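Look for chain A in each of the two complexes below; its partner is chain B in the first and chain C in the second.
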Partner chain A sequence: MGKNKGNPALIELVIVIFFFSISSVTIVKLFMASYDISEKSKSETLAVIKMQDIAERFKAQPNAVAGLLEDWEKSDNRYVGYFDDELNMVSKESALYIIEITVDQQTMTGGNYIRLHILSYENTSDQKIVLQTNIACYVPEAAS
Partner chain B sequence: MSKKFQLRVGIGASSILMIILTLALTSFAVLSLVSAQSDSKLTDKTKIMMTEYYTADEKTEALLARIDAVLINNADAANLNDELGKLNETLHTDENGLLSFVIPVNDNRQIAVTIRILDESALRYEIISRKLESVGDWDPETDIEPWIK
Partner chain C sequence: MLFGIYALFSLILAVMGIRVFENITHSADSNNEIRSSLFYTANKIRSTNAGSVYLEQRDGIEVLILETTFSDDPYETLLYYDNGAIKELLMKKGDVFSADMGDTIIETGGLQFSQTGGLIHITITAYDGKTYSMSVYAQSH
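Here is the complex of A and B:
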(Lines of atoms letter the chains of each structure in order from A and count residues from 1; the text may use other names and numbers.)
(Lines give C-alpha, C1' and ligand atoms only; values in the text may rest on other atoms or scores of the structure.)
Protein backbone atom coordinates (compact mmCIF):
# COMPACT_ATOMS: atom_id res chain seq x y z
CA MET A 1 0.00 0.00 0.00
CA GLY A 2 1.51 3.33 -1.12
CA LYS A 3 1.80 6.49 1.00
CA ASN A 4 -0.80 9.25 0.54
CA LYS A 5 1.29 12.28 -0.62
CA GLY A 6 -1.62 14.77 -0.83
CA ASN A 7 -2.45 17.22 -3.58
CA PRO A 8 0.60 19.54 -4.12
CA ALA A 9 -1.59 22.37 -5.51
CA LEU A 10 -3.72 22.25 -2.37
CA ILE A 11 -0.68 22.34 -0.11
CA GLU A 12 0.63 25.35 -2.09
CA LEU A 13 -2.73 27.08 -1.79
CA VAL A 14 -2.66 26.66 2.00
CA ILE A 15 0.86 28.14 2.12
CA VAL A 16 -0.17 30.99 -0.19
CA ILE A 17 -3.18 31.83 1.99
CA PHE A 18 -0.95 31.80 5.06
CA PHE A 19 1.56 34.25 3.54
CA PHE A 20 -1.17 36.39 2.05
CA SER A 21 -2.87 36.76 5.42
CA ILE A 22 0.45 37.80 6.99
CA SER A 23 1.12 40.40 4.27
CA SER A 24 -2.50 41.60 4.46
CA VAL A 25 -1.99 42.63 8.08
CA THR A 26 0.85 44.96 7.05
CA ILE A 27 -1.11 46.32 4.09
CA VAL A 28 -4.20 46.99 6.21
CA LYS A 29 -2.00 48.76 8.77
CA LEU A 30 -0.65 50.98 5.98
CA PHE A 31 -4.19 51.81 4.81
CA MET A 32 -5.24 52.58 8.39
CA ALA A 33 -2.23 54.84 8.93
CA SER A 34 -2.98 56.80 5.76
CA TYR A 35 -6.66 57.07 6.76
CA ASP A 36 -5.68 58.43 10.20
CA ILE A 37 -3.27 60.97 8.69
CA SER A 38 -5.88 61.98 6.13
CA GLU A 39 -8.59 62.46 8.80
CA LYS A 40 -6.20 64.50 10.97
CA SER A 41 -5.23 66.81 8.12
CA LYS A 42 -8.90 67.15 7.12
CA SER A 43 -9.90 68.25 10.62
CA GLU A 44 -6.95 70.64 10.81
CA THR A 45 -7.78 72.15 7.42
CA LEU A 46 -11.39 72.67 8.49
CA ALA A 47 -10.21 74.20 11.77
CA VAL A 48 -7.96 76.62 9.83
CA ILE A 49 -10.86 77.58 7.53
CA LYS A 50 -13.20 78.05 10.51
CA MET A 51 -10.70 80.19 12.37
CA GLN A 52 -9.97 82.34 9.33
CA ASP A 53 -13.70 82.80 8.89
CA ILE A 54 -14.10 83.87 12.52
CA ALA A 55 -11.01 86.09 12.33
CA GLU A 56 -12.06 87.96 9.21
CA ARG A 57 -15.64 88.41 10.40
CA PHE A 58 -14.32 89.69 13.72
CA LYS A 59 -11.96 92.12 12.00
CA ALA A 60 -14.81 93.41 9.85
CA GLN A 61 -16.96 94.11 12.92
CA PRO A 62 -14.74 94.05 16.02
CA ASN A 63 -17.40 95.52 18.28
CA ALA A 64 -19.96 92.85 17.39
CA VAL A 65 -18.37 89.69 18.80
CA ALA A 66 -21.58 88.73 20.57
CA GLY A 67 -23.52 88.91 17.30
CA LEU A 68 -20.84 86.95 15.51
CA LEU A 69 -21.03 84.14 18.07
CA GLU A 70 -24.72 84.32 18.94
CA ASP A 71 -25.29 80.53 18.61
CA TRP A 72 -22.36 79.71 20.84
CA GLU A 73 -22.48 78.84 24.54
CA LYS A 74 -21.53 81.95 26.48
CA SER A 75 -20.16 82.40 29.96
CA ASP A 76 -18.62 85.75 30.93
CA ASN A 77 -16.13 86.56 28.20
CA ARG A 78 -15.79 82.99 26.97
CA TYR A 79 -17.66 81.45 24.02
CA VAL A 80 -17.77 77.72 23.34
CA GLY A 81 -18.93 76.11 20.09
CA TYR A 82 -19.45 72.41 19.42
CA PHE A 83 -18.77 71.00 15.95
CA ASP A 84 -18.95 67.73 14.03
CA ASP A 85 -16.28 66.34 11.71
CA GLU A 86 -17.43 68.72 8.94
CA LEU A 87 -17.20 71.67 11.36
CA ASN A 88 -20.98 72.12 11.40
CA MET A 89 -22.41 73.30 14.69
CA VAL A 90 -23.96 70.43 16.68
CA SER A 91 -25.01 69.68 20.25
CA LYS A 92 -22.44 69.21 22.99
CA GLU A 93 -23.11 65.46 23.19
CA SER A 94 -22.44 64.71 19.53
CA ALA A 95 -19.51 67.10 19.11
CA LEU A 96 -16.18 65.86 17.78
CA TYR A 97 -14.46 69.25 18.01
CA ILE A 98 -14.79 72.12 20.43
CA ILE A 99 -13.76 75.70 19.71
CA GLU A 100 -13.28 78.04 22.64
CA ILE A 101 -12.99 81.77 22.14
CA THR A 102 -11.93 84.03 24.97
CA VAL A 103 -12.54 87.72 24.45
CA ASP A 104 -10.13 90.11 26.11
CA GLN A 105 -11.01 93.79 25.83
CA GLN A 106 -8.61 96.47 27.03
CA THR A 107 -9.38 100.15 27.16
CA MET A 108 -6.42 102.04 25.76
CA THR A 109 -5.70 105.78 25.64
CA GLY A 110 -7.39 106.28 22.29
CA GLY A 111 -9.78 103.37 21.95
CA ASN A 112 -10.39 99.69 22.62
CA TYR A 113 -8.01 96.85 21.99
CA ILE A 114 -10.03 93.67 21.48
CA ARG A 115 -8.25 90.34 21.39
CA LEU A 116 -9.71 86.90 20.72
CA HIS A 117 -7.88 83.82 21.88
CA ILE A 118 -9.16 80.95 19.75
CA LEU A 119 -8.53 77.39 20.81
CA SER A 120 -9.75 74.37 18.88
CA TYR A 121 -9.46 70.88 20.37
CA GLU A 122 -10.85 67.38 19.98
CA ASN A 123 -13.78 66.40 22.17
CA THR A 124 -11.92 63.43 23.63
CA SER A 125 -10.62 62.63 27.09
CA ASP A 126 -7.13 63.95 26.25
CA GLN A 127 -8.56 67.08 24.53
CA LYS A 128 -5.85 67.15 21.86
CA ILE A 129 -5.34 70.69 20.57
CA VAL A 130 -5.97 71.07 16.84
CA LEU A 131 -5.14 74.74 16.51
CA GLN A 132 -4.81 77.87 18.60
CA THR A 133 -4.19 81.46 17.69
CA ASN A 134 -4.82 85.05 18.75
CA ILE A 135 -6.62 87.63 16.68
CA ALA A 136 -6.57 91.27 17.70
CA CYS A 137 -8.17 94.46 16.54
CA TYR A 138 -7.65 98.01 17.71
CA VAL A 139 -10.73 100.20 17.48
CA PRO A 140 -9.86 103.88 17.86
CA GLU A 141 -12.52 106.06 19.40
CA ALA A 142 -13.34 109.44 18.01
CA ALA A 143 -12.27 112.31 20.24
CA SER A 144 -15.18 114.21 21.73
CA MET B 1 -19.10 8.29 -23.28
CA SER B 2 -19.40 11.28 -21.02
CA LYS B 3 -16.39 13.45 -20.18
CA LYS B 4 -16.08 14.70 -16.58
CA PHE B 5 -15.09 18.38 -16.35
CA GLN B 6 -12.10 18.99 -14.15
CA LEU B 7 -10.55 22.34 -13.29
CA ARG B 8 -6.83 21.81 -13.12
CA VAL B 9 -4.71 24.51 -11.51
CA GLY B 10 -1.02 23.96 -12.05
CA ILE B 11 1.52 24.23 -9.30
CA GLY B 12 2.70 27.85 -8.94
CA ALA B 13 -0.43 29.55 -10.27
CA SER B 14 -1.71 30.51 -6.82
CA SER B 15 1.76 31.72 -5.80
CA ILE B 16 1.97 33.98 -8.84
CA LEU B 17 -1.54 35.28 -8.16
CA MET B 18 -0.64 36.01 -4.55
CA ILE B 19 2.55 37.84 -5.52
CA ILE B 20 0.71 40.00 -8.05
CA LEU B 21 -2.12 40.72 -5.59
CA THR B 22 0.26 41.56 -2.74
CA LEU B 23 2.35 43.83 -4.94
CA ALA B 24 -0.74 45.64 -6.19
CA LEU B 25 -2.19 46.10 -2.70
CA THR B 26 1.18 47.23 -1.32
CA SER B 27 1.51 49.76 -4.14
CA PHE B 28 -1.96 51.18 -3.44
CA ALA B 29 -1.29 51.31 0.30
CA VAL B 30 2.04 53.10 -0.15
CA LEU B 31 0.50 55.53 -2.66
CA SER B 32 -2.35 56.39 -0.29
CA LEU B 33 0.12 56.85 2.57
CA VAL B 34 2.34 59.16 0.49
CA SER B 35 -0.73 61.13 -0.62
CA ALA B 36 -2.00 61.46 2.96
CA GLN B 37 1.43 62.57 4.16
CA SER B 38 1.73 65.24 1.49
CA ASP B 39 -1.77 66.47 2.43
CA SER B 40 -0.69 66.58 6.05
CA LYS B 41 2.46 68.56 5.19
CA LEU B 42 0.40 71.06 3.22
CA THR B 43 -2.03 71.42 6.14
CA ASP B 44 0.89 71.97 8.54
CA LYS B 45 2.27 74.69 6.27
CA THR B 46 -1.15 76.35 6.06
CA LYS B 47 -1.47 76.19 9.85
CA ILE B 48 1.97 77.72 10.38
CA MET B 49 1.33 80.44 7.79
CA MET B 50 -2.03 81.31 9.34
CA THR B 51 -0.62 81.42 12.87
CA GLU B 52 2.35 83.54 11.77
CA TYR B 53 0.10 85.93 9.86
CA TYR B 54 -2.31 86.51 12.75
CA THR B 55 0.59 86.86 15.21
CA ALA B 56 2.05 89.60 13.00
CA ASP B 57 -1.40 91.09 12.57
CA GLU B 58 -1.79 91.22 16.37
CA LYS B 59 1.55 93.08 16.60
CA THR B 60 0.34 95.49 13.91
CA GLU B 61 -2.84 96.25 15.88
CA ALA B 62 -0.84 96.73 19.09
CA LEU B 63 1.49 99.14 17.30
CA LEU B 64 -1.46 101.08 15.88
CA ALA B 65 -2.83 101.39 19.43
CA ARG B 66 0.53 102.73 20.64
CA ILE B 67 0.78 105.15 17.70
CA ASP B 68 -2.71 106.41 18.53
CA ALA B 69 -1.70 106.91 22.17
CA VAL B 70 1.38 108.90 21.10
CA LEU B 71 -0.74 111.02 18.75
CA ILE B 72 -3.15 111.82 21.60
CA ASN B 73 -0.44 112.59 24.15
CA ASN B 74 1.83 114.54 21.79
CA ALA B 75 -0.72 116.22 19.55
CA ASP B 76 1.03 119.56 19.55
CA ALA B 77 4.53 118.45 20.31
CA ALA B 78 7.28 119.37 17.90
CA ASN B 79 9.04 116.10 18.56
CA LEU B 80 6.11 113.94 17.43
CA ASN B 81 8.22 112.14 14.84
CA ASP B 82 10.87 111.32 17.44
CA GLU B 83 8.23 109.93 19.78
CA LEU B 84 6.74 107.84 16.99
CA GLY B 85 10.17 106.64 15.92
CA LYS B 86 10.71 105.15 19.36
CA LEU B 87 7.76 102.80 18.86
CA ASN B 88 9.14 100.81 15.97
CA GLU B 89 12.48 100.96 14.18
CA THR B 90 10.85 100.57 10.76
CA LEU B 91 8.44 103.44 11.33
CA HIS B 92 9.25 106.40 9.11
CA THR B 93 7.55 109.42 7.56
CA ASP B 94 7.76 109.95 3.79
CA GLU B 95 7.80 113.21 1.82
CA ASN B 96 3.96 113.30 1.72
CA GLY B 97 3.76 113.08 5.49
CA LEU B 98 2.54 109.48 5.47
CA LEU B 99 3.70 107.19 8.23
CA SER B 100 4.81 103.71 7.20
CA PHE B 101 5.99 100.68 9.09
CA VAL B 102 6.43 96.97 8.51
CA ILE B 103 5.87 93.99 10.77
CA PRO B 104 7.65 90.79 9.71
CA VAL B 105 5.43 87.71 9.36
CA ASN B 106 8.26 85.28 8.63
CA ASP B 107 11.50 85.29 6.61
CA ASN B 108 9.61 85.74 3.35
CA ARG B 109 6.64 87.95 4.13
CA GLN B 110 5.79 91.13 6.01
CA ILE B 111 2.77 93.30 6.73
CA ALA B 112 3.33 96.82 5.40
CA VAL B 113 1.12 99.57 6.77
CA THR B 114 0.82 103.19 5.70
CA ILE B 115 -1.21 105.66 7.73
CA ARG B 116 -2.04 109.33 7.40
CA ILE B 117 -2.09 111.51 10.49
CA LEU B 118 -5.27 113.57 10.56
CA ASP B 119 -4.99 117.03 12.05
CA GLU B 120 -8.55 118.21 12.11
CA SER B 121 -10.56 115.11 12.69
CA ALA B 122 -12.09 113.24 15.58
CA LEU B 123 -9.90 110.27 14.72
CA ARG B 124 -6.15 110.78 14.89
CA TYR B 125 -5.18 108.71 11.87
CA GLU B 126 -6.54 106.76 8.92
CA ILE B 127 -5.09 103.67 7.36
CA ILE B 128 -4.10 104.35 3.74
CA SER B 129 -2.82 100.88 2.95
CA ARG B 130 -2.26 97.65 4.73
CA LYS B 131 -0.85 94.78 2.73
CA LEU B 132 0.88 91.47 3.03
CA GLU B 133 3.96 91.62 0.86
CA SER B 134 6.78 89.39 -0.14
CA VAL B 135 10.27 90.11 1.14
CA GLY B 136 13.44 89.29 -0.74
CA ASP B 137 14.54 89.43 -4.29
CA TRP B 138 12.73 87.78 -7.10
CA ASP B 139 15.10 85.59 -9.01
CA PRO B 140 13.37 84.75 -12.28
CA GLU B 141 14.64 82.02 -14.58
CA THR B 142 15.77 83.61 -17.82
CA ASP B 143 16.86 80.55 -19.75
CA ILE B 144 13.35 79.24 -20.42
CA GLU B 145 12.30 79.66 -24.03
CA PRO B 146 8.75 80.97 -24.26
CA TRP B 147 6.42 78.85 -26.32
CA ILE B 148 5.18 80.86 -29.27
CA LYS B 149 2.86 79.40 -31.85
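Here is the complex of A and C:
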Protein backbone atom coordinates (compact mmCIF):
# COMPACT_ATOMS: atom_id res chain seq x y z
CA MET A 1 0.00 0.00 0.00
CA GLY A 2 2.86 2.29 0.92
CA LYS A 3 4.43 1.64 -2.51
CA ASN A 4 1.45 3.26 -4.32
CA LYS A 5 1.70 6.48 -2.35
CA GLY A 6 3.78 9.22 -4.01
CA ASN A 7 5.99 11.59 -2.15
CA PRO A 8 3.60 14.23 -0.69
CA ALA A 9 6.19 17.00 -1.13
CA LEU A 10 6.59 16.12 -4.81
CA ILE A 11 2.82 16.06 -5.39
CA GLU A 12 2.54 19.44 -3.67
CA LEU A 13 5.31 20.83 -5.85
CA VAL A 14 3.63 19.54 -9.03
CA ILE A 15 0.35 21.20 -7.97
CA VAL A 16 2.20 24.43 -7.20
CA ILE A 17 3.91 24.37 -10.60
CA PHE A 18 0.57 23.72 -12.28
CA PHE A 19 -1.04 26.76 -10.66
CA PHE A 20 2.11 28.76 -11.21
CA SER A 21 1.93 28.00 -14.94
CA ILE A 22 -1.70 29.08 -15.15
CA SER A 23 -1.07 32.30 -13.25
CA SER A 24 2.08 32.98 -15.30
CA VAL A 25 0.16 32.77 -18.57
CA THR A 26 -2.51 35.11 -17.17
CA ILE A 27 0.04 37.61 -15.88
CA VAL A 28 2.01 37.64 -19.15
CA LYS A 29 -1.23 38.22 -21.08
CA LEU A 30 -2.14 41.08 -18.73
CA PHE A 31 1.30 42.64 -19.16
CA MET A 32 1.03 42.41 -22.94
CA ALA A 33 -2.46 43.92 -22.92
CA SER A 34 -1.28 46.71 -20.64
CA TYR A 35 1.69 47.42 -22.91
CA ASP A 36 -0.59 47.50 -25.99
CA ILE A 37 -2.95 49.97 -24.28
CA SER A 38 -0.02 52.16 -23.30
CA GLU A 39 1.35 52.17 -26.87
CA LYS A 40 -2.12 52.87 -28.29
CA SER A 41 -2.48 55.81 -25.93
CA LYS A 42 0.86 57.21 -27.11
CA SER A 43 -0.08 56.74 -30.78
CA GLU A 44 -3.35 58.57 -30.20
CA THR A 45 -1.57 61.42 -28.42
CA LEU A 46 0.84 61.81 -31.35
CA ALA A 47 -2.04 61.66 -33.84
CA VAL A 48 -3.94 64.34 -31.88
CA ILE A 49 -0.81 66.56 -31.80
CA LYS A 50 -0.33 66.24 -35.57
CA MET A 51 -4.02 66.74 -36.34
CA GLN A 52 -4.20 69.83 -34.12
CA ASP A 53 -1.09 71.15 -35.83
CA ILE A 54 -2.68 70.67 -39.27
CA ALA A 55 -5.97 72.18 -38.07
CA GLU A 56 -4.29 75.28 -36.64
CA ARG A 57 -2.20 75.83 -39.78
CA PHE A 58 -5.32 75.35 -41.89
CA LYS A 59 -7.25 77.89 -39.80
CA ALA A 60 -4.38 80.36 -40.19
CA GLN A 61 -4.42 80.04 -44.00
CA PRO A 62 -7.56 78.21 -45.17
CA ASN A 63 -6.93 79.18 -48.79
CA ALA A 64 -3.44 77.72 -48.86
CA VAL A 65 -4.01 74.02 -48.23
CA ALA A 66 -1.74 73.06 -51.13
CA GLY A 67 1.07 75.20 -49.71
CA LEU A 68 0.51 73.78 -46.25
CA LEU A 69 0.86 70.23 -47.60
CA GLU A 70 3.50 70.85 -50.27
CA ASP A 71 5.81 68.06 -49.02
CA TRP A 72 3.00 65.51 -49.01
CA GLU A 73 2.20 63.03 -51.78
CA LYS A 74 -0.69 64.42 -53.82
CA SER A 75 -3.23 62.73 -56.03
CA ASP A 76 -6.33 64.75 -57.01
CA ASN A 77 -7.73 66.12 -53.74
CA ARG A 78 -5.97 63.57 -51.53
CA TYR A 79 -2.70 64.20 -49.67
CA VAL A 80 -0.63 61.50 -47.95
CA GLY A 81 2.17 62.13 -45.44
CA TYR A 82 4.52 59.63 -43.77
CA PHE A 83 5.73 60.22 -40.21
CA ASP A 84 8.10 58.68 -37.67
CA ASP A 85 7.59 58.43 -33.91
CA GLU A 86 8.60 62.10 -33.48
CA LEU A 87 6.11 63.20 -36.17
CA ASN A 88 8.89 64.10 -38.59
CA MET A 89 8.17 63.54 -42.24
CA VAL A 90 10.04 60.49 -43.50
CA SER A 91 9.94 58.07 -46.42
CA LYS A 92 7.11 55.57 -46.72
CA GLU A 93 9.43 52.65 -45.86
CA SER A 94 10.59 54.07 -42.53
CA ALA A 95 7.27 55.59 -41.48
CA LEU A 96 5.40 54.46 -38.38
CA TYR A 97 2.30 56.50 -39.10
CA ILE A 98 0.54 57.57 -42.26
CA ILE A 99 -1.78 60.56 -42.39
CA GLU A 100 -4.21 61.00 -45.25
CA ILE A 101 -6.00 64.26 -45.86
CA THR A 102 -8.90 64.56 -48.26
CA VAL A 103 -9.77 68.11 -49.23
CA ASP A 104 -13.33 68.85 -50.20
CA GLN A 105 -14.11 72.34 -51.45
CA GLN A 106 -17.62 73.59 -52.08
CA THR A 107 -18.15 76.89 -53.84
CA MET A 108 -21.00 78.82 -52.30
CA THR A 109 -22.57 82.16 -53.14
CA GLY A 110 -20.55 84.17 -50.65
CA GLY A 111 -17.34 82.18 -50.54
CA ASN A 112 -15.86 78.69 -50.23
CA TYR A 113 -16.59 75.97 -47.73
CA ILE A 114 -13.40 73.94 -47.28
CA ARG A 115 -13.50 70.66 -45.44
CA LEU A 116 -10.57 68.42 -44.54
CA HIS A 117 -11.02 64.80 -43.61
CA ILE A 118 -7.92 63.66 -41.73
CA LEU A 119 -7.22 60.00 -41.22
CA SER A 120 -4.24 58.68 -39.26
CA TYR A 121 -3.27 55.01 -39.38
CA GLU A 122 -0.32 52.78 -38.58
CA ASN A 123 2.10 51.85 -41.36
CA THR A 124 1.51 48.14 -40.89
CA SER A 125 -0.03 45.50 -43.11
CA ASP A 126 -3.41 45.82 -41.37
CA GLN A 127 -3.24 49.67 -41.45
CA LYS A 128 -4.89 50.01 -38.04
CA ILE A 129 -6.68 53.36 -37.77
CA VAL A 130 -5.35 55.53 -34.93
CA LEU A 131 -7.64 58.52 -35.25
CA GLN A 132 -9.79 60.37 -37.74
CA THR A 133 -11.44 63.75 -37.72
CA ASN A 134 -12.99 66.46 -39.90
CA ILE A 135 -12.05 70.13 -39.98
CA ALA A 136 -14.13 72.67 -41.85
CA CYS A 137 -13.73 76.34 -42.52
CA TYR A 138 -15.85 78.82 -44.41
CA VAL A 139 -13.79 81.36 -46.31
CA PRO A 140 -15.75 84.44 -47.39
CA GLU A 141 -15.18 85.54 -50.99
CA ALA A 142 -13.60 88.78 -49.83
CA ALA A 143 -10.87 86.82 -48.06
CA SER A 144 -10.26 84.47 -51.01
CA MET B 1 15.28 19.11 -10.12
CA LEU B 2 11.64 20.18 -10.18
CA PHE B 3 12.29 22.80 -7.55
CA GLY B 4 15.19 24.12 -9.64
CA ILE B 5 12.96 24.49 -12.71
CA TYR B 6 10.29 26.13 -10.58
CA ALA B 7 12.79 28.64 -9.18
CA LEU B 8 14.24 29.35 -12.62
CA PHE B 9 10.86 30.04 -14.21
CA SER B 10 9.84 32.20 -11.25
CA LEU B 11 12.97 34.26 -11.75
CA ILE B 12 12.42 34.55 -15.53
CA LEU B 13 8.80 35.64 -14.97
CA ALA B 14 9.82 38.19 -12.36
CA VAL B 15 12.54 39.68 -14.61
CA MET B 16 10.16 39.76 -17.59
CA GLY B 17 7.48 41.39 -15.47
CA ILE B 18 9.88 44.06 -14.23
CA ARG B 19 10.99 44.89 -17.80
CA VAL B 20 7.45 45.07 -19.15
CA PHE B 21 6.37 47.17 -16.17
CA GLU B 22 9.34 49.51 -16.72
CA ASN B 23 8.39 49.88 -20.39
CA ILE B 24 4.77 50.61 -19.54
CA THR B 25 5.75 53.18 -16.90
CA HIS B 26 8.25 54.81 -19.25
CA SER B 27 5.69 54.96 -22.06
CA ALA B 28 3.01 56.41 -19.75
CA ASP B 29 5.45 59.00 -18.36
CA SER B 30 6.59 60.01 -21.82
CA ASN B 31 2.99 60.24 -23.03
CA ASN B 32 2.02 62.37 -20.04
CA GLU B 33 5.06 64.62 -20.49
CA ILE B 34 4.31 65.24 -24.19
CA ARG B 35 0.57 65.69 -23.72
CA SER B 36 0.69 67.90 -20.65
CA SER B 37 3.42 70.23 -21.85
CA LEU B 38 2.19 70.71 -25.43
CA PHE B 39 -1.53 70.86 -24.73
CA TYR B 40 -1.20 73.03 -21.62
CA THR B 41 0.84 75.61 -23.55
CA ALA B 42 -1.48 75.42 -26.58
CA ASN B 43 -4.61 75.88 -24.46
CA LYS B 44 -3.03 78.83 -22.65
CA ILE B 45 -2.45 80.53 -26.01
CA ARG B 46 -5.99 79.75 -27.18
CA SER B 47 -7.50 81.21 -24.04
CA THR B 48 -5.66 84.51 -24.51
CA ASN B 49 -7.00 87.44 -26.51
CA ALA B 50 -5.96 87.63 -30.14
CA GLY B 51 -2.97 89.80 -30.93
CA SER B 52 -1.62 89.74 -27.39
CA VAL B 53 0.63 86.71 -27.70
CA TYR B 54 4.27 87.28 -28.52
CA LEU B 55 7.81 86.11 -27.85
CA GLU B 56 10.46 88.07 -26.01
CA GLN B 57 13.85 87.55 -24.38
CA ARG B 58 13.74 88.32 -20.68
CA ASP B 59 16.53 87.77 -18.20
CA GLY B 60 18.29 85.81 -20.98
CA ILE B 61 15.37 83.40 -21.36
CA GLU B 62 12.99 83.04 -24.29
CA VAL B 63 9.56 83.81 -22.88
CA LEU B 64 6.11 83.46 -24.42
CA ILE B 65 4.04 86.39 -23.22
CA LEU B 66 0.25 86.23 -23.03
CA GLU B 67 -1.26 89.59 -22.19
CA THR B 68 -4.45 89.85 -20.17
CA THR B 69 -6.34 92.60 -18.39
CA PHE B 70 -7.70 92.55 -14.85
CA SER B 71 -9.77 95.56 -13.73
CA ASP B 72 -8.34 97.61 -16.61
CA ASP B 73 -4.79 96.87 -15.46
CA PRO B 74 -2.50 95.06 -17.92
CA TYR B 75 -1.10 91.75 -16.71
CA GLU B 76 1.13 89.19 -18.38
CA THR B 77 1.24 85.43 -18.14
CA LEU B 78 4.75 84.29 -18.95
CA LEU B 79 5.52 80.77 -20.12
CA TYR B 80 9.16 79.71 -20.26
CA TYR B 81 11.63 76.90 -19.67
CA ASP B 82 13.89 77.07 -16.64
CA ASN B 83 15.75 74.52 -14.54
CA GLY B 84 14.39 71.47 -16.35
CA ALA B 85 10.76 72.52 -16.22
CA ILE B 86 8.10 74.55 -18.00
CA LYS B 87 7.20 77.44 -15.74
CA GLU B 88 4.38 79.94 -15.64
CA LEU B 89 4.31 83.33 -14.01
CA LEU B 90 1.49 85.85 -13.79
CA MET B 91 2.57 89.40 -13.04
CA LYS B 92 1.63 93.00 -13.72
CA LYS B 93 3.06 94.39 -16.94
CA GLY B 94 6.26 96.26 -16.21
CA ASP B 95 7.19 94.27 -13.10
CA VAL B 96 10.73 92.91 -13.01
CA PHE B 97 10.92 89.32 -14.21
CA SER B 98 12.98 86.69 -12.45
CA ALA B 99 12.88 83.12 -13.79
CA ASP B 100 12.80 81.47 -10.37
CA MET B 101 9.54 83.23 -9.47
CA GLY B 102 7.48 81.03 -11.81
CA ASP B 103 5.37 78.04 -10.85
CA THR B 104 6.50 74.71 -12.23
CA ILE B 105 3.93 73.26 -14.64
CA ILE B 106 5.71 70.08 -15.70
CA GLU B 107 9.27 68.84 -15.80
CA THR B 108 10.54 68.14 -19.30
CA GLY B 109 13.74 68.06 -21.35
CA GLY B 110 13.26 71.38 -23.14
CA LEU B 111 10.84 73.92 -24.56
CA GLN B 112 11.21 76.25 -27.51
CA PHE B 113 8.91 78.76 -29.13
CA SER B 114 8.94 80.40 -32.53
CA GLN B 115 6.44 82.58 -34.35
CA THR B 116 5.38 82.82 -38.00
CA GLY B 117 2.68 85.44 -38.44
CA GLY B 118 -0.22 84.41 -36.24
CA LEU B 119 1.13 80.92 -35.71
CA ILE B 120 3.03 80.10 -32.53
CA HIS B 121 5.17 76.98 -32.89
CA ILE B 122 5.79 75.05 -29.68
CA THR B 123 8.57 72.44 -29.60
CA ILE B 124 9.18 70.31 -26.57
CA THR B 125 12.07 67.95 -25.99
CA ALA B 126 11.09 64.95 -23.92
CA TYR B 127 13.44 63.35 -21.40
CA ASP B 128 14.21 60.58 -23.89
CA GLY B 129 15.63 63.27 -26.24
CA LYS B 130 12.80 63.12 -28.77
CA THR B 131 11.24 66.36 -29.92
CA TYR B 132 7.59 67.06 -30.65
CA SER B 133 6.15 70.17 -32.27
CA MET B 134 2.74 71.72 -32.54
CA SER B 135 1.46 75.01 -33.93
CA VAL B 136 -1.27 77.16 -32.48
CA TYR B 137 -3.02 79.90 -34.39
CA ALA B 138 -3.15 82.76 -31.92
CA GLN B 139 -6.39 84.07 -33.42
CA SER B 140 -8.13 80.75 -33.93
CA HIS B 141 -10.49 80.83 -30.95
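The criterion applied here is as follows: the second predicted complex is superposed on the first by the 110 of 144 C-alpha atoms of A that agree within 3 Å, B and C clash if a C-alpha of one lies under 4 Å from a C-alpha of the other, contacts with A are read in each partner's own complex, and residues count from 1 in each chain.
Keep this in mind: a contact is a pair of C-beta atoms (placed from the backbone, for glycine too) under 8 Å apart; a residue touches a chain by one contact, two chains touch by 3 or more.
What you see is a predicted model; the values in this text were computed from it and never measured.
Visitor: Going by the contact rule set out at the top, does A:L131 touch chain B (first), chain C (second), both, or neither?
Guide: Only chain B is touched by A:L131; chain C is not.
Visitor: Can A:Y121 be said to touch chain B (first), chain C (second), both, or neither?
Guide: Neither partner.
Visitor: Any idea whether chain B or chain C touches more of chain A?
Guide: Partner touching more chain A residues in the overlay: B.
Visitor: First (chain B), second (chain C), both or neither: which does A:D53 touch?
Guide: After superposing on A, A:D53 lies in contact with chain C but is clear of chain B.
Visitor: Mind working out whether A:W72 is in touch with chain B, chain C, both or neither, as first, second, both or neither?
Guide: neither
Visitor: Using the superposition on chain A described above, determine whether A:M108 touches chain B (first), chain C (second), both, or neither.
Guide: first
Visitor: After superposition on the shared chain, which partner residues are touched by A:A33: those of chain B (first), chain C (second), both, or neither?
Guide: Once the two structures are laid over each other on A, A:A33 reaches chain B alone.
Visitor: Taking the superposition as given, does A:S41 touch the first partner, chain B, the second, chain C, both, or neither?
Guide: In the superposition, A:S41 contacts both chain B and chain C.
Visitor: Find the residues of chain A that appear in the contact set with chain B and again in the contact set with chain C.
Guide: 13, 16, 20, 24, 27, 31, 34-35, 38, 41, 45, 52
Visitor: Taking the complex as given, what residues does chain A use to touch chain C?
Guide: That would be residues 10, 13-14, 16-17, 20, 24, 27-28, 31-32, 34-35, 38-39, 41-42, 45-46, 49, 52-53, 56-57, 59-60, 85-87 of chain A.
Visitor: Quick one: which bits of chain B touch chain A in the complex? Just the residue numbers, please.
Guide: 9-15, 17-18, 21-22, 25-26, 29-30, 32-33, 35-37, 39-40, 42-44, 46-47, 50-51, 54-55, 57-58, 61-62, 64-65, 68-69, 71-73, 122-125
Visitor: Which chain C residues qualify as touching chain A in the complex?
Guide: 2-3, 5-6, 9-10, 13, 16-17, 20-21, 23-24, 27-28, 30-31, 34-35, 38, 42, 117-119, 130-137, 140
Visitor: Under the definition above, what is the set of chain A residues touching chain B in their complex?
Guide: Interface residues on the chain A side: 8-9, 12-13, 16, 19-20, 23-24, 26-27, 30-31, 33-35, 37-38, 40-41, 44-45, 48, 51-52, 55, 108-111, 113, 115, 131, 133-138, 140, 142-144.
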